[in-house]
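Naming follows writing order (A, B, C and D), and every chain is counted from residue 1.
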Amino acid sequence: MPVRVQTEDFDVARELDALRAGDRAVGAVAAFIGTVRDVNLDARVASMTLEHYPGMTEKALAAIVDAAKSRWDIVDALVIHRVGALAPADQIVLVGVTSAHRGEAFAACEFIIDYLKTRAPLWKKEETAEGARWVDARATDDEAAARWQLPQRERTD
Amino acid sequence: MRDVEPNTLSLVYLARLREAFGASSERIALPAGVTTVAALRAFLAARGGAWAAELAPGRAVRIAVNHEIAAPDAPVRPGDEIALFPPVTGG
Amino acid sequence: MPVRVQTEDFDVARELDALRAGDRAVGAVAAFIGTVRDVNLDARVASMTLEHYPGMTEKALAAIVDAAKSRWDIVDALVIHRVGALAPADQIVLVGVTSAHRGEAFAACEFIIDYLKTRAPLWKKEETAEGARWVDARATDDEAAARWQLPQRERTD
Amino acid sequence: MRDVEPNTLSLVYLARLREAFGASSERIALPAGVTTVAALRAFLAARGGAWAAELAPGRAVRIAVNHEIAAPDAPVRPGDEIALFPPVTGG
């Protein structure tokens, strides 16, 4: 199963080992791990809650992985995204990509996380000393996704 | 397209919209004249209060039809699951 | 210690956890793992030996990490390279980079592995059915390193 | 610049060159007239056999002086550790 949404933490080594198991043509593994920062926009973050849209999230992540596989010559790719309550320094997301050579693995890995950040239905709510707040979408994430020149996602605003 | 009562829509509200509307989902009869995503948005905004505020033109709202992000002119059909949510912030 | 040369295997999760421990400003970890492929240039690889130049290798890796740190706004970086006898699917090298945001982490991670492949004094010897052979340097590695537009390494050929 | 006999060079051969020369290191007296990396390479090539073959002009050989890759016109001084090796293939 190339995508998972779960409340539990994950072991990066175990997940990447499983991803490349059974295919010895793999020579390169690129990985990205997103973690909870304790400071965001100058406010200290005490904890965070990740909400998602069950059903759609898995489909959106699978579609992003499929797009990466059709675009680059990679062997396999994996996305694990946590939901629920998280604390600073906790792992949030793992993207792993295997390929024969590193260039494809790096590009596909960065593509997947860029698209995940603009297309997967997940939302962060931070608890800070000033109260709880929903994290605002960042224009820089839209710009990062736009670099890949996929058709723009549909907008309804 | 699920096995539901005819002529209803399943609406889902997420994150800030869920909190603002005080509901995570509801089932409504397909309103007369609502055939597109944009029309549904306008119909809900006409409820006033938080609905008007959150769904006002210009507010960044994403709408998914049956788990796929949809454009304003995308069709709305009986039995659809339609979700309204703010721009995503995962990852 | 940001660079290590060792015969032992490494645990990717443990190494990346240690790299980001103690700095909760870290929001992004980019990692690259190089592994032994069982096929290279059409010959099946039964095993591999990594030779290096003790003393210089550590200095070269540290210089590459320093260059990455001066070029990108990253928190920290790590390189572990194995030497000695390796089998197909074994881990060869780990590059890990931590930063507040992902763009810097990805760029610095790819920079480090690109430069490592052209500047660190390490050599692969493959044992195949047709006998042992030293792996030839790849022109594509030189091209990958050249993308970063550092001054060309000195050549004595 | 190490604490060694005066007027010697410490030479190190690695990977394919180590095998071709049948030695991983040697210490030699600084040859008369050898003041640069290029001159040292020519001096060693003049030994003939594998030395001539591996160090012929046009063969890809990297030379490090005291652990730093050096250009052909880089100086060679007494006490230097000078390593000769093929293009690297780690990672």
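The rule we apply is simple: contacts are C-beta pairs under 8 Å (C-beta built on N, C-alpha and C of every residue); 3 or more make two chains touch, one makes a residue touch a chain.
All figures in this text were calculated on a predicted structure; none of them were measured in a lab.
Enquirer: Identify the chains in contact with chain C as well as chain D, in label order.
Expert: Expected: no chain.
Enquirer: Chain B to chain C: how many Å between their CA centres?
Expert: 49
Enquirer: Report, in whole Å, the distance between the mean C-alpha point of chain A and the mean C-alpha point of chain B.
Expert: Those two chain centres are 26 Å apart.
Enquirer: I'd like the Å distance between the centres of chain B and chain D, where a centre is the mean of that chain's Cα atoms.
Expert: 73
Enquirer: For chain C, write out the residues touching at least two other chains, lowest number first.
Expert: 34, 113
Enquirer: Just spell out which pairs of chains touch, all of them.
Expert: After working through each pair, the chains in contact turn out to be A-B, A-C, C-D.
Enquirer: Under the touch definition given earlier, write down the residues of chain C that touch chain D in their complex.
Expert: 34, 50-53, 55-56, 59-60, 81, 92-93, 113, 116-125, 134-138, 141, 153-157
Enquirer: What part of chain B is in contact with chain A in the complex they form?
Expert: Those residues of chain B that touch chain A are 12, 14-16, 18, 37-38, 41, 58-64, 67-72, 74, 83, 85-91.
Enquirer: Which residues, counting only chain C, touch chain A once they are in their complex?
Expert: 11-14, 16, 20, 24-39, 88-89, 100-103, 105-106, 109-110, 113, 140, 144
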